[in-house]
């Protein structure tokens, strides 16, 4: 780059720079793909998915994409989440609840290859293969032989409890009855994968140029940190009822930026990843803000092996000194509910354990009994949480509550995500923030994690009695008895041992304008089912009304479909 | 000049190696690993994963393996994004950041230099105070404040530009403004200071005495020397634009390298992080070289060592 | 920036009020033909010039006011900086809360004042660190030239090419969030630029006739660097130092935006501004959350810059004549 010129004239240098800039500009902008066709629907995927391979997906973003491009034996009904026939048009359950026979419909992959029972056998075996390193292999553990195979104890796949009797019949044998097994069949880990594609391309099979799927949409394009493009799959068995042709899923994890995209009309649907904490009260007055209960609890873990929290009285004192309503009413303000249990309320057939609620005198009494009257002599303890605005705000409020009620100063430590994970996993903390989304609609998902062998425990709590209780519940046939045992387990974790501090139950927060689309229902698992979304003539694509006056909000009643 | 260039280029190779090795080791010594996740992995499966990516080998061996890949132009697979290679991710994200950065810098130069020159020429008068105050504003307002303000004003209030995203020309303007503002401010100040130094020099008086038009005096003779501090600043400016773009990319949802850069460190995605270190270092070294060359070219009194 | 050496004229300078400098203990006979070094009279002159500049004085006064305010915070406000009052969250400015309150009901004026302590400390310490290391390094490298320069600046390049963000993130992640670490890390990044600027200027300077002359006279290198050359560089050093402080403060804000800077419940202007920025949305803005910390930051940086400009003008004798 020789810039010497006879005249050494500055403007020339600027011309060179401008020219260079123009060239990079052209290449940079032109290089970005993007269909020439405009999408009918734009939704927020969330953070960039690490993968969309059903065997290794973990987390909502990847799941969100997978559930719309693949279809499993069943899928969650958009409104009440019950298992609706998908690839399996019907199923029979044996009287003892151990054998499920799935009758598959005639369906094909997007390249025309038929979907057979063997695809499910292949996919599930692949999940359980130790080399695949699936994070959700435990979803298959109710099946006979699955856990042993996954742990490497069983090496002969013939010992696995699922087999393809013929192309359209899949027979699954469980090791003990599992009332929520059909729910599990809706989960993304149990989705089928196209064997011929996976074997041909290996890890790269999920790329848009290779991938083949059996769901209502196919992956047309995937640009990291930007978007996924899903095109309607004409070979889907129910394609005639799929109303959308091209769907764009935006990826991004900055809440304010996502919110801006929604308010400017770019996003048609978004969830809590686009709801800034500051404006929640204003949002609640808008008709396009939809709230529903969420199967998700926010809690603090105690390290029960490290003093002073190895003393259950101290743990209970900390619970009794806390007032989560301060947080739900003043920090979150989105309709969240202070938690009185670990399992979120509302599960049919189950009544959760009940915590007593705030009691400052009792808290002080317990703390004194444990040897720290008025907080005197209380050792230095820290509360760890990962970097996030809301975690920080919540922790600050609770820290203050502990200080006022107990005279104890807990230090807040904001940890970067990986460090936080590492310290929590290593049980190297005093108090650590946590949360848990139920994977399926059954209390067991919140309770088996506290077993001593479960890697999600991370509290140091290990009680063989508890392990046995949860195992017994898993083998109990009678539903009522089973729910009772699970209730006992929850009670153990909370009222007896208080190994965790439930703080609040999340709510699902969805942003969408129902004048523009039907088929979008906020549900307990925060799922979005694109195949049931139907566009109406509406205002999509235009910036939304930022006017917040109550009259203006009331005036905007949803228009009847077709009236535009 | 040629020997200088060759010698510098040759000396960069050991430099890069040292940088790479230091980063390599440093990264792996931080707590937490790439496979730690909210949902626990059974320990033997985690061990399998680590073996798959050779993370269980001694560091030196891993480094040599990495270097071997480098020689074949392969930066390795991303540890976080399955089925994506680092080459691929950088290939997608780098042009975006380059475009953003180049536009921001172009804006900074096109606005900053004239502003500084005008200020210097009208030293201590209204124009001077005006340009200096505005440039101070640019320095004092962080880009994560300026960005949202620009969005509210230009996107929601008047609706000229989109609020974010990438792919069309008008999505470039607001982010580039946000990113370039502080650099424009610095450049204005530096060129003003430089110009102030220069216009009282003898050789300028001589040029004037010779009867040259003021525009030539300033534009050709004075400016060439006055922008030397700006040249020196261009190096760190470009570097900081690449880093500062992290914030801008977050605010405007731009799929650039900046966020990968930070997230790869936070995610312990070693290969991606190394890729960005390599890229960043290479870019900086090259820029520094260019700055030195430019400096020598513009100021004949300087000899290149 | 006074990067150019002063001319080595032999005729008397314009300002005849300058008394012959006290030349105690100096041996160089030819000194009177060279630049007057930074002797006592020079600084007194500079100070006088400084006082004459309105901008500089304004800046200095504002700075003193800000610093005093942050130091006197316990006296100035009745609230503790951690004190929460959830019933009064997100209140706009009022008599009881002149700066309003934040999401947890804490008084923003109090948090701004206490936060200022941290911000000023970060700015000051990091800049000092960068000054000391950077000037020495750059001056030596630029003066020596040749292989020494090469090695020294390659080292700078090496550090420079280490992505700062990376370095600090890992540092913070590995060693925990101690404030000292933050100061050192931020200072450690800034010295690099300082050294390059100083070295660049030094390279120009050393080609000057007067340096050649002094070297020919056999003066020791150290004396040359510290007595003759660095004073000539004071202009750019000071100007760049005053440009460094805001840079450091903004970098701290950047880290706070990522959650890696100052930790709650401590606060800094950067953290407050970052929090305030997240409250800027299309439908509602708690404008006071961003305005007041932003103003505090801006006022401080403004005054530092005014002061820096004034200092530069005061220290650059060439401008005396105008």
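Assorted remarks:
All chains are identified by letter, namely A, B and C, in their written order; residue positions are counted from 1 within each chain.
Please note the rule applied: a contact is a pair of C-beta atoms (placed from the backbone, for glycine too) under 8 Å apart; a residue touches a chain by one contact, two chains touch by 3 or more.
Keep in mind that this is a model prediction, so the values were computed, not measured.
The most central chain, judged by C-alpha centres against the centre of all protein C-alpha atoms, is B. Counted by C-beta pairs in contact, the busier of B-C and A-C is B-C.
One finds 36 Å separating the Cα centroids of chain A and chain B. For this pair, chain B with chain C, the centres built from the Cα atoms lie 22 Å apart.
Chain A and chain C have Cα centroids lying 47 Å from one another.
For chain C, residues touching at least two other chains, in rising order: 169, 173, 258, 280-282.
For chain A, residues that reach two or more other chains under the stated contact definition are 256, 260, 263-264, 416, 418-419, 546. Shared interface positions of chain B, i.e. residues touching 2 or more other chains, are given as 30-32, 148, 151, 156, 266. Of all residues in chain B, those touching chain A in their complex are 30-33, 35-46, 48-49, 52, 80-84, 89, 92-93, 95-96, 98-100, 102-103, 105-106, 109-110, 113, 148, 151, 155-156, 159, 162-169, 172, 219-220, 223-224, 227, 250-253, 255-256, 259-260, 266-268, 290, 293-294, 297-298. Residues 1-4, 7-11, 14, 17-18, 20-21, 24-25, 27-29, 31-32, 34, 48, 50-51, 53, 56, 58-59, 130-131, 133-137, 150-152, 203-207, 223-226, 250, 252, 254, 256-258, 260-261, 263-264, 266, 416-419, 421-423, 425, 454-456, 458, 543, 546 of chain A are the ones that touch chain B when the two sit in their complex. Listed in rising order, the residues of chain C touching chain A in the complex are 82, 84, 86-87, 89-90, 103-105, 169, 172-173, 177, 258-260, 263-265, 275, 278-284, 286.
Those residues of chain B that touch chain C in the complex are listed here as 11, 15, 18-19, 22-23, 26-27, 29-32, 132, 136-137, 139-142, 144-145, 147-149, 151-152, 156, 182, 186, 189-190, 193-194, 196-198, 200-202, 228-229, 232, 235-236, 239, 243-244, 246-247, 261-262, 265-266, 273, 276-277, 280-282, 284-285, 288, 295, 299, 301-303, 305.
Chain A contributes residues 255-256, 259-260, 263-264, 276-279, 282-283, 326, 329-331, 387-389, 392-393, 395-397, 399-400, 412-414, 416, 418-419, 546, 548 to its touches with chain C in the complex.
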